[in-house]
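One chain, chain A, appears in both complexes that follow, with chain B as partner in the first and chain C in the second.
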Partner chain A sequence: MSADQTAGQHGPHGGRAATESAGGGAGQVGPGSPGVGPTPVAPPAGQHDRRGSGRITFTGWMMAPGVALLGLLSLIPLVMLIMMSFSRVRLLGGLQLEFVGLENWARAFGDVELWKSWGLTLGYFAATLGLELMLGIAIAVVLNRLTRGRGLLLPLILLPMFVAPSIVGLLGRYLLDPTFGLYAQALQGLGVEQDVLGNPVSAFVAVTLMDVWEWTPLIALITLAGLSGVNPSVLEAASIDGADEWKKFWNIVLPSIKPILLVAILIRSMDAVRYFDIISVTTNGGPADATKIVPVRLYEAAFRFFDLGYAAVIGIMMLVLTIMIARLFVGLLSEKETH
Partner chain B sequence: MSTHTIATPRRRSTHRRGSGGIVAVVFLVLALAWTVVPLVWMVLGSFKGPGDVTASTPQWFFEPTWRNYENLFSGANNLATYLNHSVIAAVGAAVIATVLGTLGGYGLARTAFKGKKGLSFWFISTRMAPIAAVVLPLFLVFRFAGLIDTLPGLILAYLTFNLPFAIWIMSAFFEAIPPSLEESAEVAGCTRWQTFWYVALPLTKAGIVTTAVLCLVFAWNDYAFATVISGPNSQTLPIAATQLVTQTGVDWGQLTAIGTIVVLPMILVGLAVRRWLVTGLTLGAVTGE
Partner chain C sequence: MDHQLSTPTRRQLLRFGGAGLAAAALGGLTACGQTGTAPVPPPSPGGDPWRRFAGTTINFISENTAPTAAIAANLQPFRDLTGIDINIVTLDLQALVQRVALDLAGGQSQYDVVYADPYQVLAPYAAGFADLREFAADESYPPLEGGFEDFIPTQLQATGMFGASDAIYALPYDCPTMIWQYRLDIFEKYGDQMEADLGFDPTPSGDRTWEEYFRIAEWINENVDEIPYGTGHQAKQHDALMCDFSNVLWSYGGEYFADGERIGLRGTDEPGKCLLDSAEAIEAAEFYRRLVSIAHPGSLGWDWDGVGNAMAAGEIAMAPNWHEFAATYEAALPGLVGYAPLPRGSVGTANHFGGTGIGISAMSSGARRGAAWLFVNWATSPATQLSNLKSSAGGGTPTRQSVYAMPEVQAATTRPSEMPNMLTEDAVSIAWEEGRIGLRPKIPMWNECDTALFTELSRMLAGQKTARDAMEDATSRIDGIVARGWVA
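== the complex of A and B ==
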């Protein structure tokens, strides 16, 4: 509620939602901060706390260290990021921010290459998520029907989730090396002779499949949790009525795991703009920009060309996108809560 | 407002069908192979000599050797130093996040005030913020503060995602325990701290361990922050691994050995908390097996 009310008050830029959420947080640093007595806090607190203002002080103190540290760690960079986006940033001879107005913003919005990267990011996201959902749900359904051996199989299926994405990328390179890679040789046996990571289309497919390898287990794990909530007697009744397996899945199982799948989709979609390690260590955006998703472009702009102001604009675009996803996520949670 | 929903407390009953059909079995075998083969190949590679690891016909059987591991920890390769950096940075970030997250999460779960929704939203959106968007301003701030290429800098960088994660998820774990227990403790004369320490904390032990493990995994596996913020004095294992890839060629024996060193401990701690994994990884949105 309060978040919605403050939404309109803040800045004119893409950072709106960010400042809004930050504002919500900053407002709360006070009550918990050391040195702020209970008296000034009591009025707003007392109205809402069932057990009186003393408890607020206690919970406020509990939150204070975390909130204070996070405040430093998130607000300073956020302000810095917004400032950078309106500046030309010089690193040599001491840090200097030279105000250039909307120059970086105009450049970013007029940059066809950047929009291509956004399109590619969307394609990468759709391809990875689509495959992960299909495979993850299928694995969960099969595992769920297993009478024995599930306790042994599930941990094996989960393994890729714990592998550092950068190692996934390096391992992918090892497996796909045209002269000795295990998978490359298998592909050559099937008649695919080219260097997989050297060709735009196959490179895109390869980095997609590496992401699928790593995160399908997460979808399977989440779906499995959802499947344990499907009412078995409903399934039985459907079988008695003559429904086949596919119909049961489509009409009973899928609708009942839909909320959980929505969670999975949102979690994966925020990760899609978070993780780029795999691409960074395999193709680093190439060949011919075929895998240059937005975070890779940001890194290139910032740390290869040191065009930090321009990179900041890309950063704010990404931040706005994730804040929108976070909003959907929180909305989903509170919607479920009221039911 | 809160975090804990879509509870599916019902355990699966005995209702399971024995035969999933031959298609299901084949699918499962293929899925298992797809999952496990790359990891097996990596571990095998780490025990291969220079001829076997890049043999043009894949070698499933070979003379195993410790050579790659020995080389990594001797001579010009000081992997022990990088291992040290990784441990300090990841454990440091995990411990600080878990302690502050447990305190903060309890505070958040057991309070109700007007800005709570906004505060929660701040936590979740900070957790979800893209690393690329965070590391960029952090790079400038850290340069100014002299934190580039230091382990404290790396720990602070990892706290930008671990701290909001820990607060948020611990609050979900605390909300899952009924407040009535704590209320009766308070009626019995416990102070609030005692209630927290002796009643709430023991009930969320599994949650705390899960939070710590996930924070450890997130920080240990990081590449995006370390590639910008770390340097010779704070290089971590994933960075050391990627730096083995050079223009002139790659020592795949050593590289698969580093990969094994990076991956193995995380698999062990990760699987140890797998019952609570789904809650942790969905930020408290799903509770299940």
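== the complex of A and C ==
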């Protein structure tokens, strides 16, 4: 029996499912099955799952233009990216792809410099996310307790995240410039003659801190929103039971804001994988490749060397990592919600 | 039933969608840039050849350099002469290379006139440029004043030609060259004391050696209070590091590739094996490491602008840098900076030349193509080069021999001078002599080779590698890049 015949036999049921979905409200349509009516009751054993027939419903057709546009905007580049990763790309006289099989992939997997960049990326990822999380939560907790001056402090604290990352990089570069930089002069006053951006370790620390300075306010803001949802009566009950501040924070506040923290971590971690602007403006990957994380290497391969096939492989690697991170956090979130 | 058969399933839709997307992607790729060039419209009989394309608008993309700043500030004479309007886009070199490559790939020629850096634009995309001999030989255009011969011959070859072909893809537009820049006041005040302590005349000149330069810098570090450091270098992990190191490399007898002079002057697709692991190159790297170790600590984070700022701010007493910084110094430290050719190494001397030409995109067509040539002709003409020298907005230095011969230009080579860049004339004229001019390899894959070298040098300067390891690793990486070849 062909798939079409099967589909035909189940036609009436499929039609009813479509009607149910259309009438049942969009709220029931899951994100993973756009426009397809959910089956509330599992089919009896031996029968086909109606979702398997997958007829496009009225809702599906209504969503089709949007989905098609999304496809144009994201799927065509993805398909091109995959094609380019198996090709050598010629630019002159129009783009041309010359199929080279797995050459670019083999090069990427055997490229020691690229793996060093992955190591740096993970180090940077852990450092920025860890610091931003700790500082963001601390700032949010302090702000949450403030009864006076919060309205004044909050905008000041949030200010860095409204600055474009490249401007943050420029600010950092100028402040650390050994000829006229304010921070550099302060450090020279303390006896530190070394150029901060000229030393591998201090340059890595500096670009990490620039990112932390810019994005800690975002974590603080999201956490602050979460803190306002913590039930005060539970905290009062804990106080009456003799719990100290740390215990209340660790056992009540933190579990309460965990879902919203996961959202914040998800947003920042996906950004951290793509970190580029500040490094590009300050160190451009140096010194001694100490800040050449993968996005910088990708940019270099694509737009300095025009080795677009190889760059496509790095791009796909980054995409896979981002998807993995997103799935991990979305999974944790779903788990939490189910719980 | 019919109705159901005509309704596609999700799987079918995805399958169709996937195939459609792949086809669209392929179609998009192959369709991209498949355009032809329209012929240049013929001139009207008896018309002014300069006004032949009046009413046309063209685009010029340039690095944000001094000559372009001067031209952008003084476009009215060109508009009045030709009736052509020109939009100038200025970017840093890295962004320019990207834009040009993508423009050539798009095939639409958004940019008619292109600042063709010989190493990052001309060598990789020579086929994307028009042969300017075609325009110069066409009598319907105004003549190229002085012909190609008026341009300094080494500069014409280095900036305008590529490979074995005699085609001229660009006309020399600027000519920055690395020379020794030093604080006159410090050398005047401490010259005798230095000479007594060091045992040689410290006056900067092409007769000094790099080892003497090192000792002078060290002496200033230890004995001069007015200025914190004796020397500063552009040793950031950047193209600038390669430029700075190359002066030392060549003067110690090191080469990037065999037949380096030809590869620097004319360029090639196949440079052969890299020679940076030679004993001479390793000796040069070791000296460079020692030199930077006594330089201003900021050197590790400076490119050429960083060195220029440090010199102007009185942080360093001397540095090798591009001669076009003279205008900045004369504004910040009037009369206090002197210029000389770079020191010698154990084998000879070399002054890195970083000049660039301007060319016309091969895809530029119709009236825009002709208008682009009129602009290239005008922008590199003796009158415009003289005007650039006097400009307060920018400057640059001439690339034509006839301009250097002008009495007012000659008069400007000594202070007081209204053309500060001409104060370097004595130094650069020696630096451009055969055997003294330093030309990096003009190969299409230079950008990647350059990155491999300056990354390894940066590792050496950070103390992560010895000079030998750095040079051997750079050689191995460059050999790998060259072996992969270049597709444009």
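Methods note: the second predicted complex is superposed on the first by the 251 of 339 C-alpha atoms of A that agree within 3 Å, B and C clash if a C-alpha of one lies under 4 Å from a C-alpha of the other, contacts with A are read in each partner's own complex, and residues count from 1 in each chain.
Please note the rule applied: a residue touches a chain if its C-beta (ideal position, glycine included) is under 8 Å from a C-beta of that chain, and two chains touch if they have at least 3 such contacts.
Everything numeric in this text was worked out from a predicted model, so none of it was measured.
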item	value
Partner chain(s) touched by A:I279 [first = chain B, second = chain C, both, neither]	neither
Chain B versus chain C as contact partner of A:T179, first or second or both or neither	both
Partner chain(s) touched by A:F303 [first = chain B, second = chain C, both, neither]	both
First, second, both or neither for A:M80, with chain B first and chain C second	both
Partner chain in contact with A:L95 - chain B first, chain C second, else both or neither	both
Touching partner for A:V263 - first (chain B), second (chain C), both, neither	first
Partner chain(s) touched by A:V207 [first = chain B, second = chain C, both, neither]	neither
Touching partner for A:P287 - first (chain B), second (chain C), both, neither	second
Touched chain A residues, chain B compared with chain C	B
Touching partner for A:I157 - first (chain B), second (chain C), both, neither	first
Doubly contacted chain A residues - partners chain C and chain B	3, 55-56, 60, 76, 80, 89, 91, 95, 177, 179-180, 303
In the complex, chain A residues that touch chain C	3-4, 7-8, 11, 14, 36, 53-56, 60, 71, 75-76, 79-80, 83, 88-98, 176-180, 193-200, 283-290, 300, 303-307
In the complex with chain A, residue positions of chain B that touch it	1-6, 8, 10-13, 15-18, 20, 24, 27-28, 31-32, 34-39, 41-42, 45, 53-58, 100-101, 103-104, 106-108, 110-115, 117-126, 128-134, 136-141, 143-144, 156, 159-160, 163-164, 166-167, 192-193, 196, 217, 220-224, 227-228, 238, 241-242, 245, 250, 252, 255-256, 259, 262-263, 266-267, 270-271, 274, 277-278, 281-283, 285-289
Interfacial residue positions of chain C with respect to chain A in the complex	1, 4-5, 7-11, 13, 17-18, 21-22, 24-26, 28-34, 94, 97-98, 101-102, 104-107, 124-125, 127-128, 235-238, 296-301, 306, 309-310, 313, 315, 445, 447-448, 451, 455, 458-459, 461-462, 464, 487-488
